[in-house]
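The structure's right below; bear with me while I get my questions together.
Note that the chains are named A, B, C, D and E in the order they appear, and that numbering of residues resets to 1 at the start of each chain.
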Amino acid sequence: MIVRPHQHWFTRLFAWHGSVMSKIYSRLLLNLLLSLVLLGVYSWYESLHVKITLAPFSLLGIAIAIFLGFRNSASWARYCEARQLWGSLLINCRSLMREVITLFPGDTHYPQSLKNDLLAFCYCLNYQLRHKPVEEVLQRFVEPPVATLVNAQQTPCNRLLLIMGERVAEARRAGKISDILYQNLNAHLNQLSGILGGCERIANTPVPFAYSLILHRTVYAFCTLLPFALINQIHVFTPLVSVFISYTFISLDTLAEELEEPFGTEANDLALDAICNTIEIELCQMTGDSNCPEKMHPDKQHRLT
Amino acid sequence: MIVRPHQHWFTRLFAWHGSVMSKIYSRLLLNLLLSLVLLGVYSWYESLHVKITLAPFSLLGIAIAIFLGFRNSASWARYCEARQLWGSLLINCRSLMREVITLFPGDTHYPQSLKNDLLAFCYCLNYQLRHKPVEEVLQRFVEPPVATLVNAQQTPCNRLLLIMGERVAEARRAGKISDILYQNLNAHLNQLSGILGGCERIANTPVPFAYSLILHRTVYAFCTLLPFALINQIHVFTPLVSVFISYTFISLDTLAEELEEPFGTEANDLALDAICNTIEIELCQMTGDSNCPEKMHPDKQHRLT
Amino acid sequence: MIVRPHQHWFTRLFAWHGSVMSKIYSRLLLNLLLSLVLLGVYSWYESLHVKITLAPFSLLGIAIAIFLGFRNSASWARYCEARQLWGSLLINCRSLMREVITLFPGDTHYPQSLKNDLLAFCYCLNYQLRHKPVEEVLQRFVEPPVATLVNAQQTPCNRLLLIMGERVAEARRAGKISDILYQNLNAHLNQLSGILGGCERIANTPVPFAYSLILHRTVYAFCTLLPFALINQIHVFTPLVSVFISYTFISLDTLAEELEEPFGTEANDLALDAICNTIEIELCQMTGDSNCPEKMHPDKQHRLT
Amino acid sequence: MIVRPHQHWFTRLFAWHGSVMSKIYSRLLLNLLLSLVLLGVYSWYESLHVKITLAPFSLLGIAIAIFLGFRNSASWARYCEARQLWGSLLINCRSLMREVITLFPGDTHYPQSLKNDLLAFCYCLNYQLRHKPVEEVLQRFVEPPVATLVNAQQTPCNRLLLIMGERVAEARRAGKISDILYQNLNAHLNQLSGILGGCERIANTPVPFAYSLILHRTVYAFCTLLPFALINQIHVFTPLVSVFISYTFISLDTLAEELEEPFGTEANDLALDAICNTIEIELCQMTGDSNCPEKMHPDKQHRLT
Amino acid sequence: MIVRPHQHWFTRLFAWHGSVMSKIYSRLLLNLLLSLVLLGVYSWYESLHVKITLAPFSLLGIAIAIFLGFRNSASWARYCEARQLWGSLLINCRSLMREVITLFPGDTHYPQSLKNDLLAFCYCLNYQLRHKPVEEVLQRFVEPPVATLVNAQQTPCNRLLLIMGERVAEARRAGKISDILYQNLNAHLNQLSGILGGCERIANTPVPFAYSLILHRTVYAFCTLLPFALINQIHVFTPLVSVFISYTFISLDTLAEELEEPFGTEANDLALDAICNTIEIELCQMTGDSNCPEKMHPDKQHRLT
């Protein structure tokens, strides 16, 4: 995620936006080259009496803009839902921790164990969504044999929920909490289960391949044909205007592609590491631990991962 | 569902997207033929002094794009809701199982029976939505007489819920669980009932026939008339541009048609079999069974059913 | 509701879609006539040197398409919400019935009475929304004096909820169910109350009259002026293109009008009778009755009411 | 709110829609005058060789239509949410009343008191939202000293909730209802609190002033400049087409303005009085009172307030 | 937030809208200057035979309008969600206070302490979101040592929730409230936790930088190139029309930028201070305190902060 300080509107016009720019750089260059070549051979091109006008491109351009707008909405909705799920992960960790701390006032062991389980769950979900091996991070928070068991599952996070569920049920059996309080704590586990399922859904169900393919293809075909239609109308301005229009369409296509997989590590993806770090500090301060981790800050390129 | 590995933007332009392409192939060919014929008889066509311009088509094209954008949103919303319902099926199966396992720590029979009921429910819902006979799949998970009884109902899945409800109520009557815990378990059954009803709603309520018909017709009429208007403007480019514009409109019309019935087995439909498989492995690992099924993987065309 | 079997894309182009077509038939004919008359007197019209061009119509056409797209979304949202409410009616009837059957295992009378109350509620809501007299349908499910009492109310359905509430409270007073179980059953009654209120809201709050009026008027004025602008540009094609554009705009205006009142009995309205029939069979099979009603099927025009 | 009987599409074209028309009447007239003046001095205007074409207006017109479409959606969403809040007010009053009546079967005093509190709450919310003095309406339902106390608060409705909360807590303290039942009744009060807060939010947070101002201004500037661009293209048709386009844009701007404050008393605002009347009859019939008020009907202009 | 009295449509056209205008003033001036310079050197410019037409700008303008419409929707959704969260903060404070007051009828100390905690939470959230130091405001409502402890946390608001949770758990341990009532009160704390997390999410997750950058840049490039294309078509009207079109695009870009950070103190941001003030008066009147603060009113520029 890019976290950039506020800039003056003028400075901002020339801000170098690494992520998308570096991706579409080569594509715009291709477009520019095509325009320049066309401009070079214009007198020959003109002699062909090719009657290609801008009108059909205008129609098509607007149609593409409408479809691209729709695709942007769909990608943006996925991004927002993913962020919301991770937001409610933070909320649930805090609330569950608050209830456990206040319900077991003398007990320090119980909140600590649950804190570790929760942190294991958060980091494990993070690593699972980013296809990183989870065993190491599990070792940080749970006993080695448990970590091995959890790691052997199809969904390690779900096994962690089972372990937390067992912990809560044990307290009920031991008479420490009534059925009503069990209901309360269990409700948070159900919400964690919902968060896990929601994240898996977003990660495993891409926007239908045909959608992105049709648009991707149409955008590129459009940008490639554009100089042929522009050259009759605006001659030497063709390279400028062609690259400008292509920039608008291709960058939005590229951004939609990036946003639709919000759990990646590209510049516009969610800062899962930073959220995990926040949760860790938060739970640490709630249980009153002394050695809490440092707060993560954006790097020099204003990026949080 | 198509699950495709990430591709370079250039390779991707030429990716063969079986599903939609194979469907609209013939339609685009017809369009191409029409353009070519028109080009062949152009001198005669010109002599008719037909004054058909692009302007009214431009107006109509944008209007169609707006309506098509609306229809795409409606189809996409159905697809997303369907996916969300199946996602919460997984979530509820996990949560219900977690609660049962932790509430009956010594008992292995009770969780096993509920696991079988849940799997019967999932597979039965899958088969019902895809209009496949459910009896066989029921036999896998429940006793033959129960399977026959369930199969005889209007909605077999609902009878399975009644059976699970009976199982939970029995535990309450036997004093194994209090009313509060009954409330917890029953809440999951209510959510399964909501999932069943939601899926039936999507399956039984098509997007109003008039919507798809009006658009389907308008798109085809538009694409058919297009070459007549283009030929005066761009002459030999007519086949190329006409097929290009038709591709954009017809493929989005076709895709919307495919997405609006998300429970089918076409390329862009939901991978219900894979979700059932995931649930089966998940519940199997939770109860600690030794012989869990294999994980399903996409076939060579990157398809999951 | 139209439930049509899947058709080949080509056959589908020529499908006769009774509902909308029969409504807009005369309006398109008027438009065709106007175009033909204009074509007949073209030489005289030309001599007037009327300088009416397509450009302002193009602008207006796109603006209308945007506003029509907005209105379609609003109507479609109403339709979907109405369908969702009736879907959750089915879900709640099933869930309430399941809980009652499993909580009163020996008792056959109690579930039967509640089943009749629920069916009376469903049919009564259906008839109320379609402005049909409810007394007769009440007689089918409840005692005549109760039917008379219920029928005398401003909202008969709400009185039925009060009767069901009384039945549930009675069981609590008699000690058959604890307060917790009362809470469970009562929650379903609250949801039925929400469904009732939601349906009334949709039925009693039309889309602001000004919206539909402004658009209705603008669409017709636009279609009437269109031939005057087209004739200079495309001459003999005017009738064809004018009717084509009018078809797109008028049919979408008409469909939005139909969808925005989803409880009517027009072709694109919800199949309330079929949903009531489904609920009746469902509850009947759950209580194990022998003489359940027949399943309703679409008529020859593929219509379900 | 306008509740109009269904009309034939043709009759409807000429329906006089008081509310919006009477507001924009003068503005359209100004536009017409401008066009006519311009037409009168056309030969002089032509001699100036002013090269103003429709192209930039076309671009701007479509941009305005897109932004206006967005603003319409925002206003419509506010209107729908406001209606939904008042719909759930009816739902909650019914449900709370049903529970109280069935839980205190012999007691007639308790339901009566709560009914009066609820009605005071509904009418008070209505009057507060419409900036009318609430004291008089409070006197109708509660004791004079209570009415005075309630009226002295920043939010009289919230004090009424406190009074109802006190009533429910009293019943719990007196042992008439268990904590579980208290939870049930209290949940309805929380929902009433949510309705109150939701209505206040809509009433106190206008659509950002800049939004409506930018659009308002742009629409008028656009309509004023339009005749200058049209006159070169369509000459004598300028007044007709200019007024027509202005009608479309200005009426939608005006309607959005009206819908975005749904609690007013303009023609397209919500019929709060009618909803209060419905709730009063409903609760009156539930408690079996004999002298219930008359049902409110639309006046001769089909208006409900 | 701007709270402006209703104005006549004509007066409103000339309303000075400080916030956005003062920001885009200089940018429009630059645009005007460019147009004027271009007009000055027109004869020379014409002699260059630069063939730049409006057609590609028309296409691009509509595409930008579509993308800008999308971005406006995204910003508006953030603004509305932020407002909704603060609305539900008010709702929850009222409801929690109502329950506490009615459950502890004799006790005045308990409601007072909770009131102070709640107010500390509200003001602290306000100050945290606006990056103002929270210690001073904490001192107003809680004991100095507590204030220091709270202030030392990563998220002071969350520590306040822990303190309130402790207070509620204490009442349960002391037998003043049953587990059911604890569940009720705790549910409100969970909602406060949700509000806190929701606000943090909006504050910490900007709209992807690439989105605003791509649009920002495209809008400015478009407005800068516009005069070059307009001058051939409308000559002396270029400055007027160019500034007009730029006003529409740039002001909407600027407004979207302002709305997407709803917790700031710019003119169109949320009036957090006023909401805190409302909550303070409300809770003060509920507990019957005599010295409640004054109600905040908009300043002379109709602004509430």
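One rule holds for everything that comes next: a contact is a pair of C-beta atoms (placed from the backbone, for glycine too) under 8 Å apart; a residue touches a chain by one contact, two chains touch by 3 or more.
Chain-to-protein mapping (UniProt): A, B, C, D, E = Putative membrane protein.
Note that the structure is a prediction, hence the values are computed from the model and not measured.
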| item | value |
| --- | --- |
| Relative orientation of copies subunit B and subunit E, as a Cα rotation angle in degrees, nearest 5 | 145 |
| Whole-Å separation of chain centres (CA-atom averages), subunit A against subunit E | 24 |
| Chain centre separation in whole Å, for subunit E relative to subunit C (CA means) | 39 |
| Per-residue overlap in subunit B, given as positions that touch at least 2 other chains | 55, 58, 62, 64, 66, 69, 73, 180, 183 |
| Chain-level touch network, classified as line, ring, star, complete or other | ring |
| Ring of chains, enumerated from subunit B in the sense that reaches subunit C first | B, C, D, E, A |
| Complex contact set, residues of subunit A against subunit E | 1-4, 9, 12-13, 15, 17, 19-20, 54-55, 57-58, 61-62, 64-66, 68-69, 72-73, 76, 79, 83-84, 87-88, 90-91, 94-95, 98-99, 101-103, 105, 178, 180-181, 183-184, 230, 233-237, 241, 244-245, 247-249, 251-252, 255, 258-259, 267-268, 270, 278, 281-282, 285-286, 295 |
| Residue ranges of subunit E touching subunit A (in the complex, touch as defined) | 27, 50-53, 55-56, 58-60, 62-64, 66-67, 69-70, 73-74, 153-155, 158-159, 161-162, 165-166, 168-169, 173, 179-180, 182-183, 186, 189-190, 193-194, 196-198, 200-201, 204-206, 208-211, 213-214, 216-218, 220-221, 225 |
